[in-house]
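Before anything else, here is the set of structures, which you'll find just below.
Consider the two complexes below, in which subunit A is the common component and subunit B and subunit C are the respective partners.
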Partner chain A sequence: MNDSAQSASGSLFVPVAWRNLWRNRRRTLLTVAAIAFGMLIVQLVMSIQSGSYGPMIALGTRMGSGHIQILHKSFHDEPRIEHLISNVNERLSELDESTELDFVSARAEAFALVSNDPHSTAALVSGVIPERERLLSDVPTKVVEGTYLTGDNQAFIGAVLARNLQLDVGGEIVILGTNAEGGIGAAVAEVSGIFEATTELERAMIQISLNTFQEAFDMPDQAHRIVALVDDPMSMDDGTEVLRGFLETDEIVMDWTELMPEISQGIEIDIVSNAILQAVLILIVVLSIMNTFVMTLFERTREYGVLFAIGMKRTSVYRMTLVEVVLLWMVGIVCGGLLTCLLAVPLMFTGIVIPASEEALESQFTFMPSAIYPDFSWWVVFTAPVVIGVGALISVSLVAIRLARLNITEALRSE
Partner chain B sequence: MSDFAVQTTDITRIYGNETVPVYALRGVSLDVEVGEFVSIVGPSGSGKSTLLHVIGGLERPTEGEITVGDTILGECSDSELTDVRLYKMGFVFQAYNLIPVLSAVENVEFILQLQGVGKKERRERAQEALSAFGLEDLFNRRPGEMSGGQQQRVAIARAVVSNPAVLLADEPSANLDSETTKEFCEYLQHANEERGVTILTATHDPLVMGYTKRHINLVDGQIAA
Partner chain C sequence: MRLVFQLALRNIWRQRRRNGLVLFAIVVSVGGVFVMNSLARGMEQDFLRFSIENFRGHIKILAPNQLDEPGLRYSIPQTTNWAALDRPDIETWTPRLRSPAVIMSERETRGVEIVGIDPTRESHSFIHDLVVEGEGILDPNDQHLLIGRDLAEELKTGLGRRLVVLMNGPDDTAIETGFRILGIFDSETTRYEEAYVLTGLSSLQTISGVDGFTGVSVYLKDLAYVDEVQSSLASQLPDLDVATWAQLDPFTSEMHRFIGFTVYILIVVFLGTLVFGLINALVTAVLVRIKEFGMLRVVGMKSRLVVSQVVIECVIIMLLALMIGLGVGLLFVWWIGDGIDLTAFAAGVEAFGMGARMVPHLVVDDFVILGVASVILGLIASYFPARRVIKASILQSLRDG
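Coming up: the complex of A and B.
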């Protein structure tokens, strides 16, 4: 007379539990529907979240910052021309060899007066290495007239800036600023192309080659940033470590979460707010499962009494109840999985178009993509079923406590 | 090995609390020999069901000692008491209390499966037990598809299939008409005589009493002379 016999009778629990589940068909179907729709919504929200962060980060970082940068320790807070980094060419050559980094380039930046007589305005002049910039940034792809930079003494300017200065492709633009020594820095460049991106960039940005910039502002082999892209912007530790190995005096490494905190904070807020929504949804599903089993306990009190009376151990009755929960959960997640496959997975290929986003992108500096492609990664697929399953087991364990305290003779007398 | 299937000594069962105690049993002592067919009779509220429940280990007496075969129930843990019910007792209830989602044969098999009996053997024994009570055509019927009398016979088959030392029947004829009761009692008698099962049945039905060999009269929780 031992527990092992009843443990061995576990195979009996499955058919009994399965049949018990369908004794109240309507209630079971409602619970299954709650699990399935809850799972669908949680998976859809998570997949949209997961699918939107990548493009958001890509949009933000490829319009400027890249993923990781080396810069002078003061440049981020005080972007002054004298906050330079040196030995740029040598370091770029060595960083090109790193397998942890996808692309690297260098940039120099200065606020300067740009003019096309008699028109002039202030602009952010950015010195870039054109062939590297094409791989690193989306700005070169935004050309609407002419071409991107192909060599030195050329300028690639925003459409609004071109309009304000009444410049066309082939026109000459004069750049006048202060160099690192406090002297005058000046250059004349021919407009090779005009781009349209965000209003902010179009109005106030001009790109010239890094060579031209270094000559104009008297800063040979110097720049303000070494910019790198990594494979996965959510996992930058290795790339950051590589860049740290190339730091010189008074330099620091910063990643996009520090350089563009508005994106990372936006993502964090989004994750938290959606997590709350998902938690509430899962709680409703779990309470629905719990309700099913509380009702079951009340309806089958006498039956439980009989099971105890004829010699079924309380642990066995508990195991049988758990089998019922697991079966209910399995039916629910299979139905939920089918719903997800039918309704949500196709969106991976068609995308969810956000009509306002393209206009917003044109009118302001926004990092929202114009279409989101839900990403059904493993954690998106498994999180909802696992959390619902664990929640169901915990809630039914609470019911089981009541089961364990059931008085057999009172149970036998119950209606 | 004791000659007695059941012995109770000064059993008292008190419900309620210390300020308002309700005595269901007051010092009940009885001996039931192996193979006896005994009815516990008395009016409603006399303590018949409570006596069966404490003998069956479904609840513990407030005072006194119960021995089933060689097992002293008072010395058993709850888990051991469950094993006593599984291996030494068979129960037949007033409301049949079969498991509604299982067929007749599965209901009978259930006990054997809890005991860890192999699939083939338990199926054979279950069918044999059901056949012994005239249910060979109803193996696959679920309780909802059977009459009250048929369900009660399945309940006896379930109770005796594991060859328990004692079968306890609590008002087994309460929901049966007289013809079915008679038929049911004949099956109880069959279990007693052919299988040697000791039977204690609580009843106030004279028809059932007519089949038992000894009556224990319970009045206000005490055995009357």
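Coming up: the complex of A and C.
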């Protein structure tokens, strides 16, 4: 066969294969349905699991650390009051201009003795900028009595702490600690509100305004952390880069994966275990689809016998089958894509509602979101079609090996 | 009917390759779904275990105010009558005396919690799984200290050395006691190693002058009855706080609910996968035989018999595949045994304990649902396509295929 004849027969493959598919509509539809449903199942599971990390990260970062922070290089390991960062106001207003960061704020922290005579206890006093803290953190929303901080010389305290100190909204709380120079830092604040959160926070956290904190501990325009939130906590490179540009001597940038390794590692472990589940799921689905391919191809043994008998080359038969499979695959993934769009994508907007527990209904707040929103990132979309395609090619090749060894007379005799 | 059964068996054998494929597909579906299901259940279980083994138990009985102010000030008297805990649904219970403490070596100082335990009763907390170098706490009267590996490193101390423990006594006086470290433990998570130092319950009672406990952890046989047991204990012990693990740890309970829900979604999807796998295999197997069925009808076989023959064939394959599938699944689960070590796959993840291993957990109900659903699906997936084929005209059937 010369070159032109070969290319002519090559160009024939596609229309012939296409006709072959529609010659036996039932068989084709069966395979298409298998691919489409398989794709739907895989994409649904992957998108739901991928969508469940967001709430976990949000939970950790919005109850505490934010996404990225600037802090003194020693503060994370040794949270001492003298490990300060300076020029806070100027840096905050410049960071406000950045498009990579959603919200920024600053915090100061110190362990101090808090008291309401005669009761006293140790607590973590946190100096925050109230109007910025509202955007950055969920703690302000956990108020159960009174209001969040509205100005200076106010305190927002945990419910257990309030009970232990026998304090109510409007009561006075005395804060006594050590400032950076080793002198005494002291403040008196009026309780503006009481919050409920995790037991540890409720027992030992008190927020006051950063101004009050700076005055009490004699650290003008200084703080311990500049805290930033970004759009997507899974890709913080741009935000981290921006914060790096604002570093001064002895300062470092840390993100939530470093600040809260137990959450990021927990998620990483969850990703691995989900990957194992997904691998098993994909294996089942792909093997099932391969099974359909293999079975329908073997049913055509006699047809192949006829093709061989009239002189078609075995490689050509293989190529034609290959084209058929590719066409089938394409039709299948288009249908699968449509199915996913119809059945799974709407869940992105409605969410899958989690029924509320009794404890959650009893308490004033919940930690977890009320619904899971599936997330369709590119790997969720593409994994299924690619893996199914590879599976299809493997199954065709398995059949092709059999066909290559086929004896024509035997093939013609088969049912 | 016997003839049909015989025919079915011979048909299965005649088409060994095709039926082998169907069998294989179903075995993979059933076995795979079984494995996935037990892994997902294991994830759910593991999360809960972590919350409960951490000195909490399923139900905790505490001295009033102990939650607001942990320490020795509020305690449950030694003389409390514990007859209420003598119930068949309670597996075991154990009293402890715990207090926040400051621990000092020659070089470093750390904040920890000192826990007096009765080691013979700690069969359900993490203490049971500790790997101890040196001497463990074997008796409530043991007076030495057992500390975590991480803490020992932080305090730059070791076996045989002395430590000073400082805690607030019941009347707010400071109690300072010297201990000798006779044991260092490694636990599944470094969190325990840093947070707790252990000694004998009776000896800690003597040192602190507390004639009682700070809390009692109750472990149930079946978690499902936790609310029932809690309310019953609460009414029988009116002077004490009785709380479930979920009330004590709303954070974990919420997480557990969240994870439980995702597991539930997963199980629904797995059943969907099973439906998909079975129907796909069986429907394909029936529809490729249209011509054969047409032939049978031409030679005079009644439609009803053709259908029942197909269904019998499918059910035989189905049952066989179900047995092999569940068997393979069980073998696999048995082979995984105490879990897949996930830290091997996730670079840079240190073993935090929670979820670091993926341990399969078999739930009998799921097992039964899987089996029953498979058989019903097998019937549906063979009966309907077969009936459809029979409804077509014989000529049409002979032309197709």
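Convention: the second predicted complex is superposed on the first by the 273 of 415 C-alpha atoms of A that agree within 3 Å, B and C clash if a C-alpha of one lies under 4 Å from a C-alpha of the other, contacts with A are read in each partner's own complex, and residues count from 1 in each chain.
Keep this in mind: contacts are C-beta pairs under 8 Å (C-beta built on N, C-alpha and C of every residue); 3 or more make two chains touch, one makes a residue touch a chain.
Predicted model, so just to flag it, every value in this text is computed and none were measured.
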Dominant toucher of subunit A (residue count), subunit B or subunit C: C
First (subunit B), second (subunit C), both or neither touched by A:12: first
First (subunit B), second (subunit C), both or neither touched by A:310: first
Subunit B versus subunit C as contact partner of A:408, first or second or both or neither: first
First (subunit B), second (subunit C), both or neither touched by A:288: second
First (subunit B), second (subunit C), both or neither touched by A:23: first
Subunit A-touching residues of subunit B, taken from the complex the two chains share: 53, 56, 58-59, 79-80, 82-83, 85-87, 89, 91, 93, 95, 97, 99-102, 110-111, 113-116, 158
In the complex with subunit B, residue positions of subunit A that touch it: 1-6, 8-9, 12, 16, 19-20, 23, 302-303, 306-314, 316, 407-409, 412
Subunit A-facing residues of subunit C, complex: 17-18, 21-22, 24-25, 28-29, 32-33, 35-36, 39-40, 43, 67-69, 246-251, 253-255, 257-258, 261-262, 265-266, 269-270, 272-273, 276-277, 280-281, 283-285, 287-288, 291-292, 340, 342-343, 345-346, 348-350, 352, 354-356, 358, 400-401
Residue ranges of subunit A touching subunit C (in the complex, touch as defined): 24, 26-27, 30, 34, 37-38, 41, 44-45, 48-49, 52, 55, 160, 163-164, 198-199, 203, 262, 265-266, 268-273, 275-277, 280-281, 283-285, 287-289, 291-292, 294-296, 298-299, 352, 354-355, 357, 359-360, 363, 366-368, 372, 415
